[in-house]
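The two complexes that follow have chain A in common; it is paired with chain B in the first and with chain C in the second.
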Partner chain A sequence: MVDHKIGIDGISKLRPARRGLLRAGLSSAFALGAARTALADGGMPETDWDKGVGGAVADTTYGQPVAAQSDMKRRMVAWLTRDQTSSISFTPLQYQTGIITPSGVFFERYHAGRVDVDADKHRLMIHGMVDRPMIFTMDDIKRLPAESHIHFIECPANGGMEWRGAQLNSLQYTHGMIGCAEWTGVKLSVLLGMTGLQKSAKWILVEGADGSHLTRSIPIEKALDDILLVYGQNGELLRPEQGYPLRLVVPGWQGNVNVKWIRRIKVGDQPWFTHEETSKYTELRGDGHAYGFTWPIFSKSVITFPCPEMPIKSGGGVYEIRGLAWSGNGKIKQVDVSFDGGVNYVRAKLQEPVLTKALTRFTCEWRWDGKPALIQSRAMDETGYVQPTQAELRAIRGSNGVYNNNAIQTWEVKADGSVNNVQLA
Partner chain B sequence: MVDHKIGIDGISKLRPARRGLLRAGLSSAFALGAARTALADGGMPETDWDKGVGGAVADTTYGQPVAAQSDMKRRMVAWLTRDQTSSISFTPLQYQTGIITPSGVFFERYHAGRVDVDADKHRLMIHGMVDRPMIFTMDDIKRLPAESHIHFIECPANGGMEWRGAQLNSLQYTHGMIGCAEWTGVKLSVLLGMTGLQKSAKWILVEGADGSHLTRSIPIEKALDDILLVYGQNGELLRPEQGYPLRLVVPGWQGNVNVKWIRRIKVGDQPWFTHEETSKYTELRGDGHAYGFTWPIFSKSVITFPCPEMPIKSGGGVYEIRGLAWSGNGKIKQVDVSFDGGVNYVRAKLQEPVLTKALTRFTCEWRWDGKPALIQSRAMDETGYVQPTQAELRAIRGSNGVYNNNAIQTWEVKADGSVNNVQLA
Partner chain C sequence: MSSSRNLLAALAVTMLCGHAALASDTLAGIGRTATPAEIASWDIDARPDGQGLPDGHGSVAEGDDVFQANCAMCHGTFGEGNGYPRLAGEGKLTGDRPEQTVGTYWPFAVTLFDYINRAMPYPAPHSLSADNVYAITAYILNLNGLVPDDFVSDKHSLPKVKMPNEKGFTWKDPRPDTHDPACMTNCRPVASVKVVTTAEGSHVTPRTTGPLDTEIPQ
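Showing the complex of A and B:
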């Protein structure tokens, strides 16, 4: 064994120094202007936390966010739904620092409230056009081959309020019905391999165990592709808000198909056209006709800094525009940013890892002259599909839509650095 | 715009069906044996959560784990340190479902307790052999180009108790001084580009703002490579336990170098040999001599199922062995699993994404005959370095070690499915 490698030899593995590059002024663009502070004697403020001893390690307590971030929480719009059980809370996307949405602020959407399911009593039944109908316990499911994948889940009503023009002045409310997490579970295809499929099998019906008995029809091709039966989120068990003990994760497809507290999968030869896929989640067009099933989330993006909740505080200068892009049809390939309401675009930089059907961070340098500006981001995924403008979408869909608003978002940055949600004519 | 793609056309993007493969019996190995339950009339248990309406959406509350997982918490070993401030709590790695460690259970290690720092008053000073000494506020740092990376942080004392033979019968205690998170911050190289480096600059000294004033020397090559000044963890601000508002993340290097509450970076031409890098974190060899600086974490792995806390409950049959592997020198390239104490090995499957200096999940099918077995995992990283056996390590280091125990872990699976921490002669 090469134990001798451990120790000071380790440094030989480091990359060659790049000091030349740095000395040439790598970061001159971000010289911070007025914020830059020359070192002076006594330049470091007096503090009290560096004297003495702090708190003990947490033994039995589950850690909580820093108190200073008490503003990072889910929020709801009281008038959006008739009551707070069949309702929605929004992810504070404006404060999210990476691609992982903390489970504590992951958006909620209930059709009949959040239920507390006893995992020991919970079962998943698979029946219908299968060779061997089966019922699985949670222990059964956890014993099967496990996979973990990072995917977003977005409610197709995300941005729905915006069809009628710019509404709430808040990134949390325009785009917060989305979250991205590491999901752990077993591929549905593994379970269908156990039950077998009859030749006539073309669709599955998935049903939740809550009072709404939410049911959706899904083509068998998707069921055999990447759908997961999930029991873990961000390293721990699912939480009740996300369907503990078991939910469906249908990568890239709109949130309501990702049925929570899933208890039943029926295999059939045609879609069921259930209440939840006829009364809702169909797509009304401008001409009065409706699309039927609209499953994948199409390329979408939004600038998270600056945004209404994250204004610019220091006046004109060099800033890093930051945002999130996603597509339900694969990986994000390119994001462009405009500072003039879509007349000109510059290419943004994508932050690795760029994962399929996951949030992707992008950044772009902006030399802001301190004058009012209209900033936008436009995402393209690996299929070549480009996020449309609000006007392009509305030309087809009209303004009575609820779902699948993936239009380019425009933020108006005012001279004082404040940011407004606006729509261009 | 290609808005017409939205809708029923979406299905054309799905992959071809793989039903043939499934019908051939893809998962026959995991047919669950006795746990398999044929569907019968009345086979689904009666429940009460599917009748009526559940709880409302959380408005202002930060979400908490499901009550059923109250066992997933950090734990400490009371006798390990003299008090609980300069101490350690361990990550419950046995319950972690993916590669992301929830922030609420990420292990802690304090040298003088957990301090509550006021971000508005916190400063980072960079001085010494630089052209322009500077002091940065948190606003300054957050304005600089942001990056997010998934990396593990491991205390080099992880497994330290095991040098003297198998001790506590617990994965949490043998391997729990590690966590893996998505860290967001700015490259240290960006700040050093702003201060400039004098030609003599070869080392940096990094110092924490807590009462211990923890200081470590780091070669300038690493400082200019991948070190991050981090303010975000798993999508939100750092928590006090992890160094709010600012910590160093030194990808792949032992935990104590990843200084929390960082307030000062001094650039110099030689290491400082501070208290914390001479009294601790040096590596005693069997011959009485010591290595000096031992920075990177070398290839390491452990089986997380089965393990002492996660025994086998259903007797002989087919199981999926699951585990975690990591290396501070790059990506994990290969993991092998043995069921006979290291005589024979089979290749494990790695779960994507395999990221550099991050936890990587591996799985491996095991047809257990129900007889006692000695199971092990052995990781190799992209440098070709292979995780050593306990005996190989001890031949060089003796048994008085504290740090850098990356030996292959042996779990003894007994006939009743219980699991013991053992060491082979």
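Showing the complex of A and C:
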């Protein structure tokens, strides 16, 4: 029946000309007529993917996600910004399995659009209070000792639309300005070791090569600690969305400090107080006073199942609550889950790996009685800092701010299994 | 005993593919020295104390012309915004949704020059002369009532401009500003658990399945 020849490795090779005919023929003439044990007889349902031969190797040279996952896409809130080239998109956390965000749906933040940089022409300059100002090509940077680390990057505006009350009925829009990846590159301290640092060096200025020439000031202690100059993400070169060919990864610190398309590092003795650390990315509090240089992301967590996009479809019964927790100040130490709006909590199980400044998975068994519930997760990191409630944060900071909203998220589960974003008194 | 241990330790070091010895001196030959001309072409940053500001100057009147030609199409004739960032405005930083403008919020005048110089005009960043950037800076400061009509902006005058909100910032992170225990039982009265806001039926939530809102023909 099947016209084939056996290859040297013993794998059947269908002749291309017969392949289409074969598939068409099997599904109609043979497969349907030959159902041996029909569903009506109590057997398993018939499938049509075991009645022939599937696709060939390398007929998709860079594989794509399954069609069933077509809703797993970056989305945006069009009313947030006037222009979509200076804007942000959101990671579909409701679909993410594990701790790694697929590069194709990792959230984007551009200050002057996504630029296509020619890696051969890209240069990194380090100058200022150094012994020897230097220029590096990408080839130079890739010759330096490489490291790979898993870290999240979160925009500090994540949750910024929720300061005044529950507004967006979605996990993706309330928490999707975050992604976690394996980043490959070289420690910045290696390059600063090559240039040398003068005694008065206290700060660095990092600058991007795109039209925004975005700049941020970073203390030298952080620069010499764990900052990476990164060219790889999740096993491949950075994508343009993430700053190809070179970006900074500043573990645990707010997203925009992780400058993309980085081309210049200047060493100085004072901070620069740039636009992105004065007019923007500062926190105006209710009393009119503002705080700047609020870099680390503090402990935060959210339940990813159930959530508004992933309601409970099967009524009361046993479910595994699933979620993500993270801290820019170290490892997640524990996560507690409440089903009654924060009156009582139970300890969730942390799923390995639990890495510093990385997304951490937690799970918690829930025997849902089918009645309305208010579910929450609360993270604590290894410093002992416990994620606060939204009401508590609002009482201290007011509601005019945008950034660093790390409040406990409350999901209201209704009797029909639907889920809403709510805030409690 | 101890000498053989030392020998083992020495062997262990030499077997580490040289990683332990990968100090900066062994990386010599990677990268090259930057020339003064190369540094000058990229060294555009300016600090609040004026360090880094270039030569050149611009008046409020000149700035009016340059602003109307290069900036007003987005920011409005008088910096009122029109959906893009509002540049001029007065008022307090308290109350509901206060205006965070150059006049009310920005702590340093030099930052205005630095930002325009590096990132504006948005469609053609870093395309204006230093004189033109000084002039736009003077115009915007004047719109905010921070400098007189005859003000000329340059590397000496700009750092001296007094910004109303200069003292409005603390540059040390106050967090953690909450200190919760990880309470497990009876953490709050049951009666206090009340939903005060809900996003159920929220009309500002974009679609969460299918095409993006912007992909649907209006």
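Everything that follows uses one rule, which is that the second predicted complex is superposed on the first by the 380 of 425 C-alpha atoms of A that agree within 3 Å, B and C clash if a C-alpha of one lies under 4 Å from a C-alpha of the other, contacts with A are read in each partner's own complex, and residues count from 1 in each chain.
The rule is short, and it goes like this: contacts are C-beta pairs under 8 Å (C-beta built on N, C-alpha and C of every residue); 3 or more make two chains touch, one makes a residue touch a chain.
A quick note: this is a predicted structure, and the numbers were derived from the prediction, not measured.
Contact with chain B, but none with chain C, is seen for A:225 once the two complexes are overlaid on the shared chain.
In the superposition on chain A, contact of A:386 is made with both chain B and chain C. In the superposition on chain A, A:75 makes contact with both chain B and chain C. Legend: residue contacts after superposition of the two complexes on their common chain; A:397 is shown touching both chain B and chain C.
Once the two complexes are laid over each other on the shared chain, residue contacts for A:211 go to chain B and to chain C alike.
Contacts of A:135 after superposition on the shared chain: both chain B and chain C are touched. Of the two partner chains placed by the overlay, chain B and chain C both lie in contact with A:190. Under the contact criterion defined above, the residues of chain A that touch both chain B in one complex and chain C in the other are 73, 75-76, 83-84, 86, 112, 125, 127, 132-137, 140, 143-145, 190-191, 193-194, 196, 211, 213, 263-264, 291-296, 298, 385-386, 388, 392-393, 396-397, 404. Against chain C, in their complex, chain A makes its touches with residues 71, 73, 75-79, 82-84, 86, 111-112, 125-127, 132-137, 140, 143-145, 165-170, 172-173, 190-191, 193-194, 196, 205, 207, 211-215, 263-264, 266, 268, 270-275, 278-279, 282, 284, 286-296, 298, 308-309, 334, 336, 340-347, 374, 378, 380, 385-388, 392-393, 396-397, 400, 404, 412, 420-425. Considering their complex, residues 19, 22-24, 27, 30-34, 38-39, 42-45, 47-49, 83-84, 92-94, 96-98, 100, 102, 105-108, 111, 114-115, 118-119, 122, 125-126, 165, 168-178, 180-190, 192-202, 204-210, 212-214 of chain C touch chain A.
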